[in-house]
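Some structures are shown below for you to check.
Both of the next two complexes hold subunit A, though its partner changes from subunit B to subunit C.
Presenting the complex of A and B:
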C-alpha cells in the first residue's frame, strides 16, 4: 500500500550504498576515479616535497637552474648514449646504467635545466590547492545562501537571488582581474577570484532543492516538534540535498583548476611557482624549435584531470539522481 | 461555552486566510472550538474545508506567508498562542501540543534512523531523562515489538502502520497535554486503521491527555471522540456530543456525511454521498455556504447565512431549518 512511498523515500544508508553500487558498475567512472586518486597521490607527494624543502630551507630541485642541462628531451627520446664498448662491461651493467639514464629527467628539462616531471608534480600540487581552497570558499557560501533562500523565501530569497544574479552577470575574468588588482597578483587573488564567483551555480541548485524539501511533510513535522529554523535547515533538510553538493564539487574542482591554469598562463595567477599555466606559458617560447615536452606534459596533465573529474561528476549525478534511485537494483 | 475556564485549548472566532492572486483565500473563517483536559474532540469535514489549517493554528504552525492570522485568538491554558514569541512557541510545540500527520512515511525524515528522530524530541524538551532508555520505552509503549532493534532501522524499512506508531512515539516523547492527530489513519490499511485508533484511545486513557482527532470519516469518531465539530468551508456547521450528533444530526451536511459512511449490513442500499464539491474558499457562495449542495435549500438559504444556533446546551447547528431536521 505504501510501497510507492517507500520507494520514494530512501534512507541515507541505501542512498549512499546504492549510489556506490551503481557507480561501481560504471566502468568508465571507476577508471576516472582511479585517475583522480592517482592525481591526488601526486599532489600529496608534491606537498610533502614542497614542505620538506621549506623546512630544510633549501632550494628545491624543481627550482634549481642548471644551464648545462637546458632543453634535455624526455629520456625515451634522447640519443641512445654510448657506453665505452669493452669486454669488461657486462650485460647487467649496461642494463642498469640504461635504466638509470631512463630515470634521469624522464620528462626532460626546461629552458633553465629544471626537471619537467618535478615541476609537473608541483603543478599538480598547486592545482589541488586551488581546487580545494576554492571549494572551501564557494561551497559554504553556496550551501548557506541556497539553504536560507530556499527555506525562508520572501525577502531573504529576493536578496540572495539578486546577489547571485549580480555575481552571475559580472564576466568572471573581469571580476578575477579586479580582485587581483586589489590583493595583488598571486594565488590569493586566484582563490578569491574563482571562489567568490563559482558559488552561484551551487547556490541556485541548493535553493531549488531546499524549496522542494521545505514543503515535504517531514519538515512540517519537525516544526511541530518545536525545532529551531537552524536545526531544521542544516540538520534535517541539508542531509537530504547533500548529493547536490557532492556532484557540484566534482564539477567545480576541475573548473577551478582550469581557470587557475588560464590565469597563471596570462601571468595573473601563480608567481614564480611551477603552475601548469606557467609551464605552458614558458614552453611557448621554444615550441617552434621542437621543444615540445614541457607543453605536452602540462597540457596532458590538465586534460586528463579535467576529463576525469567531469566524467566522474556526470556518473555521480546519475548514480545519486533521486529519480533514478528507485528502479534498477 | 460556560466552562471556558477549565478548557485546555480554545479557539475563538479564528480566521486564517491565505494570499492568492485572486484575493484572500478564507480557509478558516470564524471558528470557535474548545478542548477540555483529557477530552477527545473530533473535527470532521470533507477535504479542503480547513481542518488541517485549524489544527495547525493551535500551535501557530500555519506558514506565514502565505498564511495570515486575520482575526480571533487561540488560547492554550489561557495564554494567547498567536501573541507568543519564537521561544515560547518552540516550548509549546512538541512539548505541550504534539502532532501526528496523515502520511507517516513522508513525515519521518528519510535520512535518520527512527530512534534518532525520537531521541531528538526528547533532547529538545526533556533534558532530565536517559535518552536511550526512554526511546525504547516509548517504542514499547506504542506497541512496537522488539524496540531495541526497531530503533535502529530507517523509516522506509518499516511498514506504514509501524511508521505511524513511531510517529506517535515521537509525539508522545514529552508527554504533551494535547495530541493533535490530523487524519492519522487515512494513509493506512483498514485493519491497521483500527489498531492505530485503538492505540490512540488507550494511550489517552493511560496518559490523560486531550486528543484532537481530525478526520473526514464521520464513522471513525463513534466510540472514540467525546464531542464532534463538523466543519464546512471554513466554518463550524454543527457541534455537539458524539452520540447526539451521530444519532440526531441537525444539519443537512452532517446527514450527508453520515450517509456517506459505509455500514456493515447496509450493503443493498447504494452509498449516498453529497452531490458537488466543497466550494473554493476564494469564491464562497453568498448566504449559507452549503446551499448549492443542500437537498433542503430554500430561497432564504441563498440570501442569509444562518448563525450557529444552540439546539440544546451542548448541541449547536448552523442551519435555518434545524428544527425541521429533528423529526426525520
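Presenting the complex of A and C:
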C-alpha cells in the first residue's frame, strides 16, 4: 500500500522537483551549492561597494594606497619585537594591537598597502561579471543555432555545423587572445573573446538532443496540430532539452572565470581593477620576496569557486539526466 | 572506401576556408592599417602605397571593384579641415553649422586637385564626390594623363558635374595614361555659384572583383608563404620551423605521460567502482582540474624551482630544464583526463558483453584488463588523435614562464607586440592540423570498426 502511494507520488512530481530531490540527497552537492551562494553574495556585496563609490565619485578603499602599511601579513605578531624605553612590550599588548590590525586587514595588505580582502571581493565581482556576461553571449548563440540545426536539418544544419566546426578547429586559447587583442584591452575584449568561442560545445550538445527529440511522437503531434516551427522549437522541444543548458552553464561559468584570470594576468583583461588575474600577476613578483598571502588569497578564492561549480555541475548532470549518470546500476 | 575518403576531404575544404575567412576578418578588417603601424606616420604616402602594393593591402577586402588609394590622401570628409585642399588658394573650409555639414567652397576658376603622387599608369580610377552646385552654376573635372598643361584644344576628358541644389553624390571614372607620368587633374568652376564639396575620395579599380586582399591571402598561403614577422624581422615560416622542435619536446612527453597515468588511474577507478577509493579519486581529479593552470605554473615554479631549488628556474639548455614544465603540464591535465577515461571505462563496463563475461564466471581482473580495456581503446584512440594537433601549438604559458623558445612563447610575444601575421599563421596551421587529424580519425575508424557505415 505504502509503496503504491509512493509510486503515485513519484509520478506526480515534475522533472525539476524530482531533480531537486535527488540533488538534496547529495551532501557534497549541497555544500557546493552553499559555497556558490556565498560567493554570489560576496560578488553582490562587491558590486554594491563598487557602485556606491562610483556614485559618490570617491576612490574606493581597495584602490587607496597607503605606503605605511605595505606588506602587512595576516598574522597576529606582525610588529617587530621592539624594546621601547627599556621596557619589553608584553605579549598581551602585542597580541591586542595585532588583533586590532588583523581586524582591519584580515588577509593582510599588498605592496601598495591596499587591503587584500577588499580586493579579493572586487575580484569576485569581476569574476561573476565575466561568468554572467559570457553566458549571456554564449548561451543564446549556442541554443538558437543548436535548435535551428537540429530541427530544420538540411541546408541550415550544414551551415551551422560548418560554422561550429570552423570555430572548433581554431586553437581555443589563441582564438580568445586574438579576439581580445582585436577588440582591445579591457573587459569587453574578455567578454567577447570567451563568449564568441565557448558556445560551440553547447551548440553541438543541443543540436544532438534536438535531433533526438524531433523524432519523438510529441513533436509529430505538435506538427499535426499545425503549430508553427518557432512554437514547436521553443515551447515544446526546448524545455525538454533545457537541462543541457543548465549543466553547460554550471561548467561554462568556471571555465570563463579561469580564462578571465589568464587574460587579466597577461594584461589583456581587466584594466586598473583588482581582478584575480591581476592580483596573481602582482603577487607573483612579490612571492619571491616571501609575500605569500596575496597569492594565497587569490588562488584559494579561485580554486574554491571553480571546484564548487565543477562538482555542482556534475551533481546537476546526475540529478537532471539519470541516464547520463556515471556509475548507473 | 575511396569515395568515403574523397567525400570527407570534400567536407574538410569548407572548414579550412572558414578558418581562413574568420582569421582574415578578425585580423584584417578590424585592425588598422598595417602600413601605418609598421612604417610610422612620417613616411610619404607613396612609400605607404608601395608597401601596400607588395602585400596586397591596397585591394578590396573580400569582394568588390573599388578600393582606396593614397594618391589623394585625405580624410574623405572635411570634418576638421580642408584636407589636401588647405594648400590650394581660394578654397575655403566651412565648419559644420546647425544642419550644414562641414564642406569646402571652391570658387570660380581652375584649381589643380592636390594629389600626393601621380597614380599608377594604365589603371582605372574614379572620384566619388559629394557636392552641391546652384542650378545656374557649371563645374567640370578636367584631366589629361599625358601632359602637364591642359590644352584647351586637346583636352583628354571633361566630365561635367550636374548642378544640384541638394547634396548629391557623383561617381566619375577615369583612366590614367599609358606612361607613369604626371596626371594632371583640374577642377574647373566656370560660372555661377561656387562649388561646395562635402566629401571627396579617389578610388582605384581592381582588375576583377575577386582580386581582393582575401584571395591574395589565400594564394599566398597556398604558395606556402606565411608572411613576414615585422617584430622579429624574420620570415614566419622559418620562425615556425625553429619553434616547433622545442614545443614538441615539451608537449609530447606531457601528452604521453599524462595518457599513461590517467588511463591507469581510470582503470583503478573502474576496478574499485562505487567504493570509497573510486569516489576519493574522482574528487581528487575534480580538485586537480579546478586548480587554475596559471596557479599550477606560478606556484610550481616558485616552490619547486626557487624555494626548494630542485630544478632550474628558467631556460632551455638541457633535459633537466624540461622536467619541471613537463611535470606541471602532466599534473594540470590529469584531472580532466582521469574523469574522461573513467567515464569511458565505466560506459564500457555496462555493456552486455561484460555482463556475459561475468556471468560465465570470468574474473573481474580479466574482464577489466582483457575485454574492457581493449574495447575502450577505440574511444581512447579517437581522443588521442584529436589531441595531437594541439601538441603543435605548444603551451602558451608553460613556454613563456620557463623560457622555452617554442611556438607558444612565440605566440605570446606576438600577441604582446600585436604582430598579427604571426598569430594568424599559427592559428591557421593549428586549425589545418586539427581538421586533418579529424579526417584521419574518421578514416581509421572506418577501417578498424566494421560497424561504422560509410554513407
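To be clear about the criterion, the second predicted complex is superposed on the first by the 283 of 329 C-alpha atoms of A that agree within 3 Å, B and C clash if a C-alpha of one lies under 4 Å from a C-alpha of the other, contacts with A are read in each partner's own complex, and residues count from 1 in each chain.
Just so we're on the same page, a residue touches a chain if its C-beta (ideal position, glycine included) is under 8 Å from a C-beta of that chain, and two chains touch if they have at least 3 such contacts.
Please read these numbers as outputs of a predicted model, since none were measured by experiment.
In the superposition on chain A, A:20 makes contact with neither subunit B nor subunit C. Contacts of A:175 after superposition: subunit C is touched, whereas subunit B is not reached.
Judged by the touch definition given at the top, the superposed model places A:303 against subunit C, while subunit B stays out of reach.
In the superposition on chain A, A:52 contacts neither subunit B nor subunit C. Within the superposed three-chain model, A:34 lies out of touch with both subunit B and subunit C [touch as defined at top].
Within subunit A, no residue touches subunit B in one complex and subunit C in the other. Within the complex formed with subunit B, the subunit A residues making contact are 1-2, 5-6, 9-15, 153-154, 216-218, 220-228, 236, 239-240.
Across the complex, subunit C is touched by residues 28, 162-163, 165-171, 173-175, 177-179, 181-183, 254, 258, 261-262, 265-266, 268, 277, 280, 284, 287-288, 295, 299, 302-303, 306-307, 310-311, 314, 326-328 of subunit A.
Of all the residues in subunit C, the ones that touch subunit A in their complex are 14-15, 18-19, 22-23, 26-27, 30-31, 273-274, 278, 283, 286-287, 289-295, 298-299, 302, 306, 342-343, 346, 350, 390, 393, 396-397, 411-412, 415-416, 418, 423, 426-427, 430-431, 434-435, 438. Those residues of subunit B whose C-beta lies close enough to touch subunit A in the complex are 59, 61, 65, 89-95, 98-99, 101-103, 105-112, 120-121, 124-125, 154-157, 159-160, 163, 167, 170, 187-189.
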